[in-house]
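For reference, chains read A, B, C, D, E and F in written order, and residue numbers begin at 1 within each chain.
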Amino acid sequence: MEEKKLEEKIGKIPVIFKELKETDPDLYGKVMGLDQVIWADGALSRQTKKVIAIAIAAALRDGHAVRAQMAGAANLGVSKEEIEEGLRVAFLLAGMPAYVHGKTALEEYLGNRPKK
Amino acid sequence: MEEKKLEEKIGKIPVIFKELKETDPDLYGKVMGLDQVIWADGALSRQTKKVIAIAIAAALRDGHAVRAQMAGAANLGVSKEEIEEGLRVAFLLAGMPAYVHGKTALEEYLGNRPKK
Amino acid sequence: MEEKKLEEKIGKIPVIFKELKETDPDLYGKVMGLDQVIWADGALSRQTKKVIAIAIAAALRDGHAVRAQMAGAANLGVSKEEIEEGLRVAFLLAGMPAYVHGKTALEEYLGNRPKK
Amino acid sequence: MEEKKLEEKIGKIPVIFKELKETDPDLYGKVMGLDQVIWADGALSRQTKKVIAIAIAAALRDGHAVRAQMAGAANLGVSKEEIEEGLRVAFLLAGMPAYVHGKTALEEYLGNRPKK
Amino acid sequence: MEEKKLEEKIGKIPVIFKELKETDPDLYGKVMGLDQVIWADGALSRQTKKVIAIAIAAALRDGHAVRAQMAGAANLGVSKEEIEEGLRVAFLLAGMPAYVHGKTALEEYLGNRPKK
Amino acid sequence: MEEKKLEEKIGKIPVIFKELKETDPDLYGKVMGLDQVIWADGALSRQTKKVIAIAIAAALRDGHAVRAQMAGAANLGVSKEEIEEGLRVAFLLAGMPAYVHGKTALEEYLGNRPKK
């Protein structure tokens, strides 16, 4: 039931986090508790938090994290334009390659490019 | 007039950007043009873009950038709670020290700590 | 009591974390739970985990995080030589400036330099 | 003979470093000299230094470096649990994606996942 | 015509930037204007700027950016030795894995390795 | 004598490196050997290598490294305009805050601002 609640907040739970439930239930429980608090609707909506997460992952040039975050975006109802604008902030703060990391994943998950 | 328009979008223009107007007006003009497009209200509001910028700067552990961004937050009407929630996303994506960088500046600019 | 247990694991609890107890007890409780699990003696000793933390903070060139971690090192019984060797690994993985960030703090907290 | 000595310290020498011996023997010699000093048993064992290296590479989200370091871990007798604990420190210092970078490689090299 | 001018400065325009011309001509125009100023011959030649870009991308461990920059290097007449020396500066400033990121791409684009 | 040779290549030797000569002559000797090779005139001049180092340090937002590198620039005869152009490449590759880190130090060391 906890997984369903988290999925409503972030759109999609990464496989490696689900595996942690089997291998280390204590750590899993604690990280899950933290996630439930941080991703929930608050002063910022879940959707805004998703855009922030994608922008940070792009700024850190973390291709895996960008894709892991992007994978849940559509389920949450985040629009392609919202993510595009967040990535442009990442361009100013972290450079053109940061924008490119995010843009490439954006086109794969919410656009027309084939998934890599 | 352009400076006033940008100030409405980001809250406060850093000194070093203003100096660029004197030393290199061509570069200044081009960066200003880019800023005007990226920071304007769009699918995301200016306020949301400000929170994203603060969260990215914290994730990059860039104390100067965090403060430069935080300095304009109150003028834009961004609340302390919105920034706090953005910083918690930075914690999950970039670690506790990233959260601390942002939190420290948040308390200085929108809280109770004396400015460093 | 929980604070005392954590202090035995990391040597010194940063001020900003203690403040979180007042401002957000729910988040504080969850982060505290995670910290208690991760910093405890295990396959790696608390002391080894401290060296890893210092080396990572140096590799990320995070001066504040390096100092926050270094502040607890002596209390844990970590030696200057152990930290020095961890910083040399950081040099190979992240460059000379990473080593310098750590070395500067090492001399301030476990050596002869005056604290900045 | 020098390569054998280094291999005993780090478990496995990356191909690109071996190639450097042909293309630039002077630089190779100097880097080799540095490596021999830094990776040797000292106040920290070779095994602890390996865990630090993996944790740093994960914190820097450097997938290639994580794998290059992980490749030598089994040869050195580093256990899966020791690396897991080091990666949890990386999670606290550098965020969940840093942990994931390391965990993914850990499962490929010392676990059950197929190598990518 | 503008694309041809930029290509003379950087050697090769990335596909994703060309796509931006269709999807967002206003942003494209502004970024293009900035690029034309920054990459042109000045106190530093275009070739030196290319070496700097490759070295920065390697220091940031950004494999995609390294390749995007490397792809234009030969067209600009930058030599393999110049890039090699820039990458060694990246090694000192950002660690051995940074050097490896750059070296791998260097061998693919200006050397003997098959392209990945 | 070796210190004088290195000073001719980089302009100014950081204090902490000189201290290493007393505390760890073996490591010092090996790092010195590496430095002598990497910073010397080659396919790239010492001056170009200095600009690359400054640009990388700015891209990594490492204020201490930027200043350590900038301190030797004037001695080497690197011009303010050359560094400015290198920093603009850093802006495109790593974002506006990276440019600001470098620009601030540039004005302190080769310009008009008081040193911090």
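Convention: a residue touches a chain if its C-beta (ideal position, glycine included) is under 8 Å from a C-beta of that chain, and two chains touch if they have at least 3 such contacts.
In this text, all values refer to a predicted model and were calculated from it rather than measured experimentally.
Asker: Could you give the fewest steps needed to travel from chain B to chain D through chains in contact?
Answerer: 1
Asker: Compare the CA centroid of chain E with every other chain's and tell me the farthest one.
Answerer: C
Asker: Hey, which chain ends up farthest from chain D, C-alpha centres compared?
Answerer: Of all chains, B has its centre farthest from that of chain D.
Asker: Counting residue numbers used by both copies over all numbers at the interface, does the chain E-chain F contact come out same (over half shared) or different (under half)?
Answerer: Same residues, largely: of all residue numbers at this interface, over half are found in both copies.
Asker: Distance-wise, how many Å sit between the C-alpha centres of chain A and chain D, to the nearest whole number?
Answerer: Their C-alpha centroids are separated by 29 Å.
Asker: Could you please state the distance in Å, as a whole number, between where the Cα atoms of chain C are centred and where those of chain D are centred?
Answerer: Each chain's C-alpha centroid was found; their separation is 22 Å.
Asker: Can you pull out the residues of chain A that are in contact with at least two other chains?
Answerer: In chain A, residues 27, 31, 34, 37-38, 57, 59-61, 65, 88, 91-94, 96-97 touch at least two other chains, as defined above.
Asker: Chain contact topology under the given definition, line, ring, star, complete or other?
Answerer: complete
Asker: Applying the document's contact rule, which stretches of chain F touch chain C when the two form their complex?
Answerer: Within the complex, chain F contacts chain C at residues 14, 16, 27, 31, 57, 60-62, 64-65, 68.
Asker: In their shared complex, at which residues does chain A touch chain F?
Answerer: So the residues of chain A in touch with chain F come to 59, 91-98.
Asker: Any idea which chain C residues touch chain D in the complex?
Answerer: Residues of chain C touching chain D: 34-35, 37-39, 42-44, 48-49, 51-53, 55-57, 59-60, 65, 79, 81-82, 84-86, 88-94.
Asker: If we count contacts the way the header does, which residues on chain B are in touch with chain E in the complex?
Answerer: Where chain B meets chain E, its residues are 26-27, 30-31, 33-34, 37-38.
Asker: Flag every residue of chain E that touches chain D in the complex, lowest number first.
Answerer: It is residues 61, 63, 88, 96-97, 100-101, 103-104 of chain E that touch chain D.
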